[in-house]
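See the structures that follow.
One chain, subunit A, links the two complexes that follow: it is found with subunit B in the first and with subunit C in the second.
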Partner chain A sequence: METINKQQKRRSRIFSAEARVAYICLIPAFLGLIFLTYLPLVGVLGISLTNWTGLKSPVFIGFDNYIKIFTADPYIKDSIISTIYYAALSVAGSMIYSLFIALLLNRKIPARGFFRAVFYVPYVLPAAAIYVGWSWLYEGNFGFFNYVLSELGLKKILFIADSSYVVPSLSLISVWLAGNLIVIFLAGLQNVPVVYHEAAEVDGAGGWKRFRHITLPCMTPIIFYNLLMSLIANLQVVTPALALTNGGPGNSSRFLTYLMYDQAFVNYKLGYACATTLIIFAILAVFTTLLFKTSGRWIYNEGGDDK
Partner chain B sequence: MSVAAYGRLRSKKRRNRTMNLITFVVVVLFAILAIFPIWWIFRTSLMTNAEIYKYPPSLIPDNWLFSNYEKTLKVFKFWKYLWNTMVIIVPSCLAGTFTATLCGYAFARLRFRGKSLIWALCVGSMLLPAMVTLIPLYIGWTRGLGFSDSYWPLILPYFCGGGAFNIFLIRQFIMSIPRELDQAATIDGAGYFRILFNIIMPAIRPAMIVVALFIFIGLWNDLLQQMIYINSSDKYTIALGLTNFRGQLKSDWSLTMAATCLSFAPGVIFYLIGQRYFVEGITLTGLKN
Partner chain C sequence: MKTGKKLGAGLILAALVMSAAGCGNNETNTASPGSEPAKIPETSSEKVKIVYSMWGSAAEGNTTQAVADRFNASQDKIEVEVQAIPWENYMTKLNTLATAGQLPDTGMLKEDGVIQWSSEGMLNDVSGMYEGSDSKPLDSLAYKYKGKTVAYAAANEILLLYYNKDMFDKANVPYPPAALDQAWTWDQFVETAKKLTNDKDGKHPGEEGFNSQSIVQYGASVENLPWQLETWALSNGGGFYSEDGTEVKVGDDASVEAIQRVADLYLKDHVAPLSVGQTDDGIQRTIIAGTVAMATNGQWNVGTSLNTAKEEGLNYGVAVLPYMKDKVTISTGGANVVFSQTKHPKEAMEWLKWYNSEENNWELISSGIWMPTLDKWYKDETLTRKWVENPNFPPYDEYKSAVVDYAQSSAAKPAAWFYTNYTTDFNTLLGSILGDVWTGKTTAKDAISKNLDALKAAHTGNQ
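Right after this comes the complex of A and B.
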């Protein structure tokens, strides 16, 4: 007993061999946490209180940037609206689409691996190339979608050149890109205990009932994970605006992160851009907190092994 | 088995078979929809401009103009861009995977003072959106360290632990490996690093491959950082090169689509090679909560 105590004491010392190895292993992560995460976080706060343009040395101006954003910024309102609009459509669309496809692929059909690859492949293509490619499908006169519309006798649409269609059109691309969500859903579906289904079937529960009362509850943790990841990713949307629309037409796709990029790296208003960043951060924090807060009510924990 | 039960079983089997058939048809339809944009882009890349604007458009090119690719390669420096992209991706993947494994090992297996604090900081950074730190990092890299128009700001972060999420993934995976394995090795006189390299690393190979894939996809899709750090056109990556090329050739759709297809190719090839690990890996992240 005493030897164990001694041993534990020895081990808990900072310079025990074990701890030394641990610290060596953690040097990279430690540097990363300090210089790539927490110091920049302090930095963004600090810079947001200045009028830095990158040329002259920064002058402390208090909360002026924030006041200006809320009172005099010509873009912020449209930006917030388009970002939330985009995120709402993309998250909802990709969640429904990927859960649906995953449910289909979870059944015993031939060539499952092949189909899984088909739905997953868009995810491994470079995002910039995806948007350039889709811009041709969306083209006003000769694009594929307009061909379909005119065949159906409908009016042509300028998908990405019309401010009322650009956000839904870009969201559709993000739904198409949701291959990773499908794979995660599939993994979750394969973990739903078969015995539950068998038991319910004996009790005469039909397909929909079993989905509603067995599959869905068992999937809630995975749904939560996908929802969270997809929300964080989509609220930070920027690539379509960078690769394709430049925030246009008008301000209709000037997403918040693009707005920040524009202010910082096109107009060199670094202080102002940092203030914008923190507003985006606040919006993100609000949405993720809401998600976490409400999750307790709908996430089903089997056996309550909640960690 | 009673006759009624047997009948029920048979009708259930039949119902299942029809359901599977319906499912299969629906899957095929959706797969066609999913793959269609890529096909449309590809068939455009093989057409003359006259054929592109023909009405009604054809699904298959009249004569497959692979010469479009030759033309594109003259203006779109694909091989150069691909090389540049690999110069960023390969060291990042290797370093990121290695450092994430080191950290994951420390968190999963070793006891040391301050563990819970460092772990909390690590997990906390996972919830921090990337764009929050973008501007201070930009200032730090370009002003502080003078890395303007350089790949270092894109590569070096992966030498710093490979990202909290990847550390988390590796840690979870190591924790699922029985401790008895290391203990046996300790009795045989192996040190901590020996255990890491000879026992843990081989056992978590799938997880390490997955981390490498995630780093690959992350860099592959990150246009924003490449745009702010790289300025000169001979340093462009595929993403930057293509974005720029589109601007140059606004209306020549067949060449633009040929360039797009070229940019698609490495990802597809990469996926086909690593397909098993891709799926396995993403499955891992979904399960390990």
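Right after this comes the complex of A and C.
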């Protein structure tokens, strides 16, 4: 009895000493969270209830900003639609593309390292260079793609100047940029146990069957992670609109984050911009919750005791 | 990258929140400075310190400080200190300083911010600045709020027509006129543009077998950024706003027709490349790229990009804009203001007057980016020659007639942000409304009449 007590005491003492160190080490991160994330969030909520322009002192106007956004804002509807459209295309496109490329790069092909680098490079290029490059490719009058089209005797396409093409054109760039997803998929693929494949091969399963019944199920946790990251990133899209289209033509690429940026830092309607921010936040929350809700149904867990 | 931006925005917001907390007590400071503080400098024998803020790099700030040092040495009452803030953060920084009650005494302000800052009581009246002076700024360069002059432009800028002389010579077509009284009508402009537009087989628009899908050279390009587009609405007898800036006129037939004509250059006449009016790089995409024979844009392009292109062999000329009913060019220029938070408005104005009056912005002016604001530079030929006769500029007679004389003619109308508020909101909305007009999916009339209420709301800041 006594020995057990002693042991327990010692354990709890060790625990608390360790814990103290842990807490001390956590303090900077915790302060960072408080001051850089939660306080600004509260600030955003507070400002969103005012008509602040940054010049006069703010006046409390209740939910007027929110009411205005949903009843009188000329941009918000198109903005929500284009953001979701862009995110859907980009997420679907980049998931399929990067899984496909990862599968190819996972094979024992010659110069594998070189090709792995080639597909990752776009991800690390400076955004400005990327978008200048693509703007030359997409240019409506003399751009490279249109040069090729007109040499082939086809009609020119106004890739980023026509409201029906601009969102697919921009999401094509984001698919091309998905080098990070490829790397994560590759890492996942290399963790798929080889024994399963060997066993299946002995049983006479072909390439497709092995992919469908071994690789894909084993990859579901990775797929879920990539899906989530890609969804969050793409719903917050702003750079291509800032760099290439300025939200146009029309409102077709005035994505939500761009709209918020425009309100806050171009028009200085800070209260209004904060209200928009919280709406973006709500939309993100809805989508990620939905994704988490469905995840239980299709994610394969070897341990199976996750729930 | 994205997280970095978000973090940045979060930090700015956090800073704003903190400064907002402190703004209640600053309110009393900002309300009073007009009357009593003027006495303080008189009693003290020390120099009055004036802070002047400008946008630009630290190096540009040092250049301006060197100019200010000459001013400081020239008298013993005022000492000017220059504060340079990067362009990207300039207005955000000023907004933050304003809430904190720590604005500089005087500084530059973005064109479209002047009337808003006036309406919120942040700027001093500068009507008296040039009283008793031998030269004052051109009339088109005064920012007016409720009839009072609240700022003068720091520089003059106008819109004009650039053209590629080699393309004209090759097509054997006369150059566009540099003199206002010979300005082309819109139809003459379009006719000339047709002669300069070639498809792959060398055919022109309107000719048998012309293929609009394989154009290799365009005749003309008219910049359709919303604020420049107003030129054509005005030229056709319309406008975006009534003259006093109180009413929206962009829905008038004359305005809508003018906008449609600009779109038709691409859609019907096939003489212009497509431009969706979103980015400000028209001259690079047209004249400098060597794909378009004539293009409208601002005179500042001489200094910002055409000089370099000229060194690389571009043979360009300058001309006045064509016109629809009235001859119009838009003039603009960022403002130099005196903030109402200053305790020394008089000294601030004295510095501004000195700074604008002599060759103190010479580098910007002689490179062609800025034009002088004072009328003597336009009227006194020796001064004009001193300004224009240098290798950075097109031939003297051409530039004198198409730019210098043009800028002081009755055709030069101030841009809308000189007299009315919320032009950014209005222009953003108009730009987005016109998006499908440029590609021909809808007409200017349909697009504008459908959104007229929203445009009017944007103009009142009520959007």
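Heads up, the rule we're going with is that the second predicted complex is superposed on the first by the 276 of 307 C-alpha atoms of A that agree within 3 Å, B and C clash if a C-alpha of one lies under 4 Å from a C-alpha of the other, contacts with A are read in each partner's own complex, and residues count from 1 in each chain.
We take it that contacts are C-beta pairs under 8 Å (C-beta built on N, C-alpha and C of every residue); 3 or more make two chains touch, one makes a residue touch a chain.
If you're wondering where the values come from, they're calculated on a predicted model, not measured in any experiment.
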Partner chain in contact with A:I109 - subunit B first, subunit C second, else both or neither: first
First (subunit B), second (subunit C), both or neither touched by A:L39: both
Which superposed partner A:P193 touches (first subunit B, second subunit C, both, neither): neither
First, second, both or neither for A:P249, with subunit B first and subunit C second: second
Subunit A residues touched - subunit C or subunit B, whichever exceeds: B
Partner chain(s) touched by A:G206 [first = subunit B, second = subunit C, both, neither]: neither
Touched partner set for A:L55, first subunit B, second subunit C, both or neither: second
Intersection of subunit A interface sets (partners subunit B, subunit C): 35-37, 39-40, 43-44, 47, 54, 127, 139, 142, 236, 238-239, 261, 264-265, 270, 274
Complex interface listing, subunit A residues touching subunit B: 11-12, 14, 16-19, 21-23, 25-26, 28-33, 35-41, 43-44, 47, 54, 101, 104-105, 107-110, 115-129, 132-137, 139, 142, 144, 147, 151, 176, 180, 183-188, 191, 201, 207, 221-222, 225, 232, 235-236, 238-239, 242-243, 257, 260-261, 264-265, 270, 273-274, 277-278, 280-281, 284, 288, 307
Partner subunit C, residues of subunit A touching it in the complex: 35-37, 39-40, 43-44, 46-47, 52-58, 72-75, 127, 139-142, 150, 155-156, 158, 161-163, 233, 236, 238-239, 245-252, 254, 261-262, 264-268, 270, 274
List of subunit B residues in touch with subunit A within their complex: 12, 19-20, 23-24, 26-27, 30-31, 34-35, 37-38, 40-41, 44, 52-53, 55-57, 99, 102-103, 105-106, 110-113, 115, 118, 121-122, 125, 127-140, 157, 159-162, 167, 191-193, 196, 217, 220-221, 223-224, 227-228, 238-240, 242-243, 246, 253, 256-257, 259-260, 263-264, 267-268, 270-271, 275, 278-279, 282-287, 289
Residue numbers on subunit C that touch subunit A, as the complex places them: 1-2, 5-7, 9-11, 13-14, 16-17, 20, 23-24, 27, 91-92, 95-96, 98-99, 116-117, 120-122, 213-215, 218, 273-279, 285, 289, 291, 424-425, 428-429, 431-436, 438-439, 441, 451, 454, 457-458, 463
